[in-house]
Amino acid sequence: MQAPSEQALARPAIYQALVKGLAYPSEEFMAQAQAWQTALTEALETVDLSADQVAAALEESNGDLQALQVEHTRLFINGVPHVLAPPYASVYEDGGQLMGQSAARALRAYQEAGLMLSAAVHALPDHLAVELEFMFYLGREEVEADEQGDAAQADVMRQRSVVFLNECLLPWVPAWRQHVEESARLAFYPALARLAEAWLRTDAEYLTTMKV
Amino acid sequence: MSATTTTRSKSSFPLSFCVLGAIALCGLALGIYRLATSLGATTNLNEGYPWGLWIAFDFFVVPLSAGAFTLAATLHIFNRKEYHGIAHLALLAGFLGYTTVILVLVLDINRWDQFYNVLLPPLWNLHSFMFEVAMSITLYFGVMILELFPIVFARKDWPVVRWVKQLVPLIAGVGVLLSTVHQSSIGAVFLTLSHRLDPLWWSPIIPLLFFTSALFSGLSVSALLAIITWRALRRPAPMPLLQGLTRVAAFVIAAFLVLKFGDLLLAGELGLMFSSGLLSLVFWVEVILLVAAMVIYFRAGKNENTLLAGMICTLAWLALNRFTIAWFALHAPGGATYFPTWVEIGIVVAAFAAGILFYALGMRYVPDLRAGVVETHHH
Amino acid sequence: MALPNITLSRRQFLKLTGAATAAASTATLGNSLQFLTPVAQAAPLSAEDTILYGVCGVCSMGCAYIAHLRGGRITHLTGNPADQTAEGSLCVKGYSGVRLLYDPDRLKYPMKRTNPEKGVGVDPGWVKISWDEALDLTANTFKEVRDTFGPQAIMLVARTKTWQKHFAQASGTPNHVGHNNTCYTTHDVIWRAMVTGKGKTWTVDYEHSQYILAFGWDGMGKSKNHWGRAVNQALANGARLVVFDPRLSITASKAHEWIPIKPGTDLAALLAMIHVIIDEELYDHEFVNNYTTGFDELKAHVKDYTPEWAAPICEVPAETLARTAREFATTKPAVVAHHKRDAGGPNYTNSWRTAQCFVIMDALVGSLDRPGGHILDRKPKLPGLRDVWEFPDYADTIKGPRIDGLEQFPVLKPLGKGSFSTLAEGILSQSPYPVKAAFFWKHNILSFPNPPRLVEALKTLDFIAVSDVLPTEIVQLADVVLPDNTFYEGSGLNARQYHATYPQVALREPLPPVHDTKSFTSVSLEILKRMGLGEYVPEGMGGKGLTQAELEVLGTTADEIKAQGGIWGEAAPIKPNTEFGTASKKIEFKATLLEENGYPGLPSWQPPRAKSDANYPFHLLIWRRPWDRMTQTQNDPIVSSFCPENRAMLNAARAREMGIAEGDEVWIESLANKIKLKARLTQGIRPDCVAVEHGFGHWSTGLSIAYGKGANDGDLIPTHTVEQQLAAGDPAMSAMMEDVVVKVYKV
Amino acid sequence: MSRAVLVDTPFCLACNACSAECKFENQPPEGLFYTRIDQIELGEYPAVKAEYIKRQCMHCEHPACVSACPVKALHKLPDGPVVYEAERCIGCRYCMVACPFNIPKIDFNARLPVITKCDFCADRQAVGESPVCVRTCPFGALEMGERDELIVEAQARISQSPDRYINHIYGQEEAGGTSWLYLSSVPFTELGLPELGSEPVSELSEKVAIYGTPTALVTVGAALAGVYWVTKRRMEMMTKPVTQDQKESE
């Protein structure tokens, strides 16, 4: 019976936290904001990353849900001027249009992992939140496999994480982060975007070391 | 010129050298900037003018450095040992010339990251004169290194030096051969551009024209270099030797003019000499410069300054002719226009500065080069 | 495989602490998935290519397409070879449509505005909302308006299609306004009065014409798929093409003769030609005797309209007019090409008379519903809503006075169209009554005359709901955004219309919506229900149900049509009609319907409204690029690069006289407004004209590519009051889109 | 047998469906197109005409670009297309200068640009599909087929409607023949196509490269050897004084 490392345990938590932060802001989110932030901070401690900026930004927005929703809509859905930081890989990877090769690649990865987009939410496969959630899923599965001592399965999951992170996330997230920073009005999303990018880089390093 | 000042007195050493060095370093910086950004960001090259100042520079400097092989031939093939001093200067100058050409070329091509491809046999395109030029220049560069090696390290009694020294005549022969090839090949590059190059300059015998002009340019430039260097070393120039060179040059110029006009005549394009507007003017300036040089070479006798004038005429002709062919007379489709950016010009200036600097340094720190001059003086 | 020992030991060492953190975080963050769900066995992504049948919705030609998909994404479209309209090809606009489908600017979720202030350049402050919230908000507001002010206080601005009509009528409002009088009402009215008893026919058998005569028609330049091909074929067969147009259009550039006629005077030229054809007995006696009425009146009527009379008016030599008339009448079959915004379209005060002359010309040479001429659409009889479902009659309020005054134009009214030229004035003057709420579907502000005026009008409304695909200008004024499917994401049947020489139906297979969008059909029915008008939405009413009923009538199934290549209908040769849709069952030169309604039955010369003078020396011409459709295509990343902004096209010589050079910025100023454009100098235009491409001047920042490029020709076109429209004496209520003179001067 | 396309310019309505769809499906670099429609205005008002011509790589039978490229980054496939391999290219841009139709382009703003030019949809042709532009054209301006059959077809069209076409098929002879052939109602020079002879642009250059260079090498080499031998010989003849000389100079 093998035991997952501290970081292996923290990874899914961090991804989950990012997914929640980047999803469309809801009452629940605002209600749990504090808890969310503590959980994020704790999880980040294990990888020496800080959520202070995010915390500060959250503080600043002091619970104004609508402001956050307006910001989210104009940055990621339909904004003025136009959608400012579309959170879709295709836009940055495949010449400005949606559902490009990147989307197909992501979808293939999900299907290989036995997942599909849930019909309830209308999201595209290469939407940032979806891709992060996939990383969360892989991390979670890895941990569970480890706990059941299924090293082989854990390894499969880690391999998937490595490939997906390097092929489907890292190539475009920096560009997206830049768009967010350039056009944001509130501090929250830039902070979250910077954190996301930093974390993805850290995790990429971690995963490569683990491979050896 | 700065070679002169630099070697005249120790005190002036730092200043002029530093100036040249500074310019060269700026060029280096510009070069890095160019590679880090793009052609669009640094040059005015465009769809109509994919080739510009840098290519013209290469087409100019290659024949400019032709002295290296013409004198190598004189020294080793024709066995005129008395020329070895001048030959070594020409060799150094040639070596520096080709170095700058290769460096500028690397900046010019837009896939410099794959430059080595040209050396991979499976990719060799024997139909392409661009290939011939690239290949023979690369090889010739190696040859020149071998030729320089025993001179630079003459005082070291390494066995290698002696071996190479023995092989020098052979190496020189190969060098001459390679030069013959690429001096004409850079002309042949234009054979396929009859639709672009103005008929006043395009010709089926353009390789031959490039080769002959390389011959007399090389001889003239070597002579010029000699005069400068000797003056720099405050010694009277070896006029009989130089006269020997210019006399040969004069005959080659004559041959060139015959070829040039004969070709226009046969092509029935003599009329273009008058009907091509500005280009006609350029053409006549070329002819006048060349005829002047020829006459001077035949008539100047031992007068150093007159000969100098002739050499300068030849040099001017070479510059004008090569820049015309590679730039002014290369008609762009769709009325595109081109004028180099300051980056392009800066690189060229820096290249010359570096060339002069290293030539001066060579003269200063390679004993056998100096010795060559001194001994020739004794002659 | 086992992991290296180092990691193992390290893991053990870290175990405790790690577990603690994880437990804590999972507790708050939860362990569940919201976007992804596990599936029993992963269905492998269909890497191999699949196809979907559909009908292009970019323009009204409705070419049947085949969409080629890879991994669920449309890679490209091809025309359906079985479709008589598409014949295996699409046009540039059709092919480009895919990029609308995947445009990141698309409206993706329902949204509502949080910023009460409205206007050009004002950020609506959108927030994403659920469909439930969006539909309730819309329905409740409509209900409230309806209850307090009456149904007429709601207006639907949308094309007059089945479901759109149903929504308007069920909600009880007479105000279902379409763009029609800026587009083709003149043709519609004339064809109703003279030939069909209903609207215009769209089918023309150009391919077999031997002589094609056009007045301002640029079907080839607008890359109209079927027509471009057909006319090309005719030309290859040796047909002659003659084009009267002040501008060298692409069609004109393909013509044997381009005749730069003075704008708005085509009527004079046509009257003269009719005169010649009749006077010289060149007309088709057989056809005229058997299938027309009122010939003698016509003959008398045109007696004085000689070429010599017309020449100075239209600035075309009398000899040219006479020769063209003779060629037209003696080369058979011959046809006058027309579609919408040509000389017979609602461009000039006299356009309806011009349109009448078009029909007269065709009738005189016997090319109405004859090979090589205009063909009355052969369309299958498909069931209407009442044939399929039982629901109460619509309230009488729908017959009441309209905000655009359409009901005062009896010949046009039954065609159930609308007027964009009077809408703004109607709303602003609150006559006959105030309008409080509007529902826009796929109609953009920029396609109105004088859009700035309309913006003023719309700002007086309490509530605007918009169903659209892109965040166009109207969306920027919306209170609720109801994101619409693109036509790729819709389904159903579509009867061939723009080239229907025999009844044919195309199948539309839906692509799963890319975003959280809904069709107007489902949205409008849902709103009716939530407005408490459920009785108009019987069980099972909807697109699917209608399609099912249509299939039953056709006696086929979707799968069967699919098996036949997405198209239903047997090819059949044209059986020429011997009777027509008018009261007399004949083609009426002297239209009784017009006379009964107080309009002259025969076309007399009438000068255009706007006369150029020293102050306004230029005539405004509006044209369209082959790849542009109205104001819908300028956000396309590729075709927009062909012509990033529209320009003021001027005659080169004239421009030089005025000191205007290529690329200079110039003002074009009409009585309504002025717009700033760069000048384009050309030889291909009359010196007294300035031509402007339509579709530019987008001010919606929601369009990342189109925003701020060029200017909108519409700004120069004045709006009208109903009184002004009545005064013009035009039964078709023409918006007179090009009956505008302007001054042009350097900025 | 090599495939070709016949461009019947009178059929072209300048709609740019070909260039838009090619850009969309083949994705050339930012701002560049593999094919475009040129619009040309001829004459003066009112006697003015407008002509439209599709421009793309002509896929010459004997391509100057292929001959020019030093590293075989460009080559002609047996069935027509002239294709490019970026990983070979050194970026000397000789092909851009050598092409008489001014077709190869690069994105000068790219850090490591690649030559951008129509490749006749070689990959599609390889699997039996037609090039995007040919598939796309709605108005019958592009017809694909075997080259010699298309030439016959073109001649037929000319003889059928002599007033519709000038009596010349551009590309049949030009530059040794091209895979893209043009019919027109006005002289091709007015459409911006260069006047070219029937010999391949690069013929002379290739001849010289293949025969000239070796000949030069051999003759010059021999001459040098000869001279060297003679001079050496002369020195040995007059031994003594020479050795004196050399002693001095050493």
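What to note about this one:
For reference, chains read A, B, C and D in written order, and residue numbers begin at 1 within each chain.
The working rule: contacts are C-beta pairs under 8 Å (C-beta built on N, C-alpha and C of every residue); 3 or more make two chains touch, one makes a residue touch a chain.
Bear in mind the structure is a predicted one, so any value in this text is a computation, not a measurement.
The fewest steps needed to get from chain A to chain B, moving only between touching chains, is 3. Relative to the centroid of every protein C-alpha atom shown, the closest chain centre, again from C-alpha atoms, is found for D. Looking at B-D and A-C, the interface holding more C-beta pairs in contact is that of A-C. If you average the CA atoms of chain B and of chain C, the two centres end up 69 Å from each other. Between the Cα centres of chain B and chain D there is a gap of 31 Å.
One inter-chain figure worth recording: chain A and chain C are separated by 44 Å, centre to centre, where each centre is the mean of the chain's CA atoms. Distance from the chain A centre to the chain D centre is 50 Å, each centre being the mean of its Cα atoms.
The set of chain C residues that touch two or more partner chains comprises 99. Shown here, the protein chains touch in a chain-like sequence that does not close on itself.
Applying the touch definition to every pair of chains gives A-C, B-D, C-D.
Looking at the complex, you find that chain D touches chain C at residues 10-11, 13-17, 19-21, 23-25, 31, 41, 43-46, 48-52, 132, 135-140, 161, 164.
On the side of chain D, the complex with chain B involves touching residues 64, 67-73, 87-94, 96-98, 100, 102, 105-114, 194, 196, 201-202, 204-206, 208-210, 212-213, 216-217, 220-221, 224-225, 227-228, 231-232, 235, 246, 249. Note for the complex: chain C touches chain A at residues 1-4, 7-8, 10-12, 14-15, 17-19, 21-22, 24-31, 33-39, 41-45, 70-73, 99, 102-109, 111, 114, 123-128, 471, 476, 481, 513-516, 637, 701-704, 707.
Of all residues in chain C, those touching chain D in their complex are 75-76, 78-79, 89-92, 95-96, 98-99, 220-221, 223, 225, 228-229, 232-233, 235-236, 238, 248, 250, 253-254, 258, 260, 626-627, 638-639, 641-642, 651-653, 682-687. On the chain A side of its complex with chain C, the touching residues are 2-10, 12-13, 16-17, 19-20, 23-24, 32, 35-36, 38-40, 42-43, 45-46, 66, 69-70, 72-74, 77-83, 86, 88, 90-91, 95-100, 103-104, 107-108, 110-118, 121-124, 127, 129-130, 133-134, 136-137, 140, 143, 146, 151-152, 154-155, 210, 212.
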